[in-house]
Structures are given as structure tokens and as C-alpha cells.
Amino acid sequence: MDFQRYNQAEQAQIAQMIEHKQMKDFLRLYSNLVQRCFNDCVNDFTTKSVTSKEEACVNKCADKFLKHSERVGARFGELSQQMTPPGSPQ
Amino acid sequence: MDFQRYNQAEQAQIAQMIEHKQMKDFLRLYSNLVQRCFNDCVNDFTTKSVTSKEEACVNKCADKFLKHSERVGARFGELSQQMTPPGSPQ
Amino acid sequence: MDFQRYNQAEQAQIAQMIEHKQMKDFLRLYSNLVQRCFNDCVNDFTTKSVTSKEEACVNKCADKFLKHSERVGARFGELSQQMTPPGSPQ
Amino acid sequence: MSMFGGGFQAQQSVNPQNIAMAEQELDMVTDLFNRIVDSCYTKCISTEYQQNDLSQGESVCIDRCVAKFFDVNAKVGEKMQQMGGGQPPQ
Amino acid sequence: MSMFGGGFQAQQSVNPQNIAMAEQELDMVTDLFNRIVDSCYTKCISTEYQQNDLSQGESVCIDRCVAKFFDVNAKVGEKMQQMGGGQPPQ
Amino acid sequence: MSMFGGGFQAQQSVNPQNIAMAEQELDMVTDLFNRIVDSCYTKCISTEYQQNDLSQGESVCIDRCVAKFFDVNAKVGEKMQQMGGGQPPQ
């Protein structure tokens, strides 16, 4: 994304918006991770607390999810830069 | 959630925001319920109107969904209070 | 939906809001389409580029998805008009 | 000549609550539409994707699916009004 | 008498950042609740819909499911703080 | 000295439409990223969770999955421009 075409005052406001959204995006990643790992790992409702087996599964799931997101982010960044931005001269 | 740390003017604005969101949350619960009960109960597309069997299923589904949400809400409230709020003295 | 009960200034603002939302709705339809057709059609990760078989599938999926949305839209419009708007005299 | 913007906007006052209500109504209708597109796609469209057009069977299924979704939506709405003793929004 | 609106609002200044923080907190709690409703419905509720009430087994399952979701949420939170060295939000 | 806020903001005027456009662009990219994370997790990650790291196979799968998702996104975009005769957003 290229916000160079906007003036400085606009860029300042956009930067603030990005910062605000980053927090939101992080919280969303976190909630997605929790829900996915819960769904994949917790299936025993004969106990009230998370079992050690479930906890181990959640740990691996959380690690994998974060590494997955990071790897997608790296590829995403590379591929985004290769794309010709719309409206730019070809 | 504890909004005591905010001043009165802020609390008034937050209260208004909560009220506005409650309506939104209710509408969302309602739409989720409709979609879930439709997906679980309506599978016969040889007729144009909901069959009596489908209607009975939707009725039970709606009742269960509401009771489920209520029960989750009760447990959620209890567990939220037990949690040490972030930033409070331990 | 009937916005006749609002005054002209309000209707102008509502019209602007609708226009803004239409763009958002279109982008959302587009993303839903891409994700659905990707999920349904792309399952071979031994290659880096989309295969011709996958591409043909995506093409058919996109066409079907758009025609489906259009048809739902037509029925939706008809049924919405038949409904008695809430709050109107019966 | 008015000092505060165009003459038109100054003649009528916009009630922000009306705008908020219109927005909520709009969002609800859009949400309903999106959920129907989603549910009826899953119920009616074969993911084999052998042709670009909707088959006769798929088309009929979509029509009935939309009608039944409206039906379920209305029935659940009535049910919730009875339970909550709630008034429909004006 | 103040020229700028009611006396009450004029006495205290509203810090928009505080309002934004309160909104974020509220949205997070609502999101958590909705995810729990969703996951625990899938884990605990039989979609046969043979009765309008929650069965004894379903009720117990919901209680444990909510408790375990809180558990997983807390454990993942700790884990991410260790990894990121992040501070919990005040 | 300006009567209306800081000197900086007063020198350049912020066009709210530009801010709205930047926000829409940002939201689209974030949405695309989230959908890729989601789809590629389902396609590539084994939910057995036997290790904390991505396996070699999972890593390769993610790289190809992201590339293919971009491919499908672009192909569907072209298709929709041809159909609608629409202009790409500037």
C-alpha cells in the first residue's frame, strides 16, 4: 500500500488510523487463535479444568498458529510488492 | 469490566455506547439463532413453505439456543468476576 | 426499506451512507466469492501456480456464485416488499 | 446568505438518532441477505462445478430456500416477541 | 450560564482516548462471549432437537465448556506475553 | 497564531474522502490477509499437533497456498472487471 499520494496532514491521520487498527488486528488474531486451538484440542467435558493432554495440545496449536501467521505474512508481503498497484503506470 | 477509573462525563458517554451496542448485540444473537436453526432444521426443498416438522425443529432449536446463551452468560459473568482485573493491585 | 419518514436533509445523508456501504458490500461479496471458490477448487499444493483444472473450476464457481447471489437478490427483493413493514397500519 | 455551509443543509436539522436508526435497519437487511446467500449456497449449489450456469434444480432450490429462510426469520421473530413481550422497533 | 451546552458536560473534559479504550475493552469481552456461545454450542448441544430444554448432560457440558474456554484464553494470553515480552493492557 | 487549533493541521486541509479511501484500502488488505491465514491453515496444517514447529511439508504448502490464493484473487478480479465493465479503483 502506498499512501504517498496523500498530503502530510492526511498521512498523519492515516498513520494514526493504522496504529489504531493494528491493536484491533492483534486482538483479533489472538481471539481466532484461542477459538481455533480450543476447538481442535478440547473435547473432554467430563472434567472441569483443562487436562494436561489438552494443555499440551493447546501449546503446540498456539505455536503452530503463530508460526503459520508469520509465514503467511512474509509471503503476503513479498507478493503484495510484486503486484502492480492499481492506477499506476504500466 | 470496571469503568470507575473514568470521570463522570466519560462514564456517561460509555454508558450511552454500551446501550447502543446492546441493541446491536441483540440483533446479532437473533440473526445467529435464525441462521443456525435454519441450517440445522430446514433440509427439504421439495416444498416452498416450512413443513410442520421443520417448524417444530426450529422451535426447539430456538428455545435451546436461547437457554444455551443464557447459561453461557451466567457462567461468563461468574468467571469474569473471579478474574483479577488487569492493572488492579494483587 | 422506506426512508420516507425522514426529512430531506436526513434522506440526503442516508443516501450517502447507502452509497458508501454499497462499495463495502461489493468488496465483501468479492472476498467471499474468492475464498469460497479457492476453498472448493484449489486442493493441489504440489504446484506453485494454479493448474488449468483448478482455474476452470474457479471460473465455473465464480459464475455460479454470482448467478446465485443475483437470484437470491431477486427473490429477496420480492419477499421484502410483501412483508408488512413494522410499525405500519395493518 | 448563510455563513455556515450551503443553504439547503441549514434549513433542516438532521437528527443523528434518525441516521443511526436508518443505519441499523440497513445493516440488518444486509446481514440477512448475506446470511441467506451463504446458507442457500451451501444447501443448493453442487460444488462439483460442472457448468457455469445454475441448473434447473439449483434455481428452484434457491427460490424455495430464500422463501423458507424468510419464513424461519419471521417465525423466530414472533416467538421472541412473545417471550420477551418486546415491541417491534417502530 | 455556559454558552456551550449543559453545565455538566462542560465541567469535565472527555478524553477521546479513554472512550476508545473502553470501547475496545467492551468489544473484546463481547467477542469472547460470542465465540464461547458458538464453540460450546457445537461441542455440547445435540442437533437432534428432541426437546425444548437443555438436558442435564448438555447443561453440565456448557458449564465445563465455558470454564475450559476461559482457561485456554488465560493460558494462551500468558504464553503470548512470555513470547512477546508484552505488557498486559492497563 | 491561529485561533483554530495547531498551526500544522491548519496549513493543510484533510479531505475526509481521502481518509475514507485509505481506510477502505487498508480494510481490504487486512481482510484478504485474514482470509488467507484461515484458508491456508485449513488446507495445510495438520490438527494432530504433534510438534511445535511447522513441518517441512506444512511450510512448503503454506508458501504455495498463499501464492495460489493471490492467483485466484487476481483471476477473479479480472473476470469481474470484464463482466461488469467496471474500472479498477484508482
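As written, the chain order gives the labels A, B, C, D, E and F, with residue 1 at the start of each chain.
Definition applied: a residue touches a chain if its C-beta (ideal position, glycine included) is under 8 Å from a C-beta of that chain, and two chains touch if they have at least 3 such contacts.
Everything quoted here is computed from the prediction, not taken from an experiment.
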In contact with subunit E and subunit F alike are the chains A
Intersection of contact sets, subunit B vs subunit D, gives none
Moving step by step through touching chains, the smallest count that connects subunit A to subunit E is 1
Relative to subunit F, largest Cα-centroid distance belongs to chain B
Among A-E, A-F or C-D, the pair whose interface repeats that of B-D, with over half of its contact pairs matching by residue number, is A-E
Most remote chain w.r.t. Subunit D, using mean C-alpha positions, is A
Comparing A-F with C-F, the busier interface by C-beta pairs is A-F
Subunit A turns onto subunit B (C-alpha superposition, degrees, nearest 5) by 120
Whole-Å distance, C-alpha centre of subunit D to that of subunit F, is 26
Dist(centroid_CA(subunit B), centroid_CA(subunit C)) in Å evaluates to 25
Distance in whole angstrom between the CA centres of subunit B and subunit E is 11
Each of the following residues of subunit A touches two or more other chains, namely 41, 59
Among subunit E residues, those touching two or more other chains are 38, 44, 63, 67
Among line, ring, star, complete and other, the chain touch graph is ring
Listed round the ring from subunit B, going first to subunit E, the chains are B, E, A, F, C, D
Residue set of subunit E touching subunit A in the complex reads 20, 24, 28, 31-32, 35, 38-39, 42-44, 60-61, 63-65, 67-69, 71-73, 75-77, 79-80, 83
Listed in rising order, subunit B residues that touch subunit E in their complex are 1, 3, 6-10, 13-14, 17-18, 21, 25, 28, 32, 36, 40-41, 57, 59-61, 63-65, 67-69, 71-73, 75-76, 79-80, 83, 86-87
The residues of subunit D that touch subunit C in their complex are 8-9, 11-15, 18-19, 22-23, 25-26, 29-30, 33-34, 36-38, 40-41, 44-45, 47, 49-54, 58-59, 62-63, 66-67, 70, 74, 88-90
Per the touch rule above, subunit C residues touching subunit F in the complex are 20, 23-24, 27, 30-31, 33-35, 37-39, 41-43, 45, 47-50, 54-55, 58-59, 62, 66
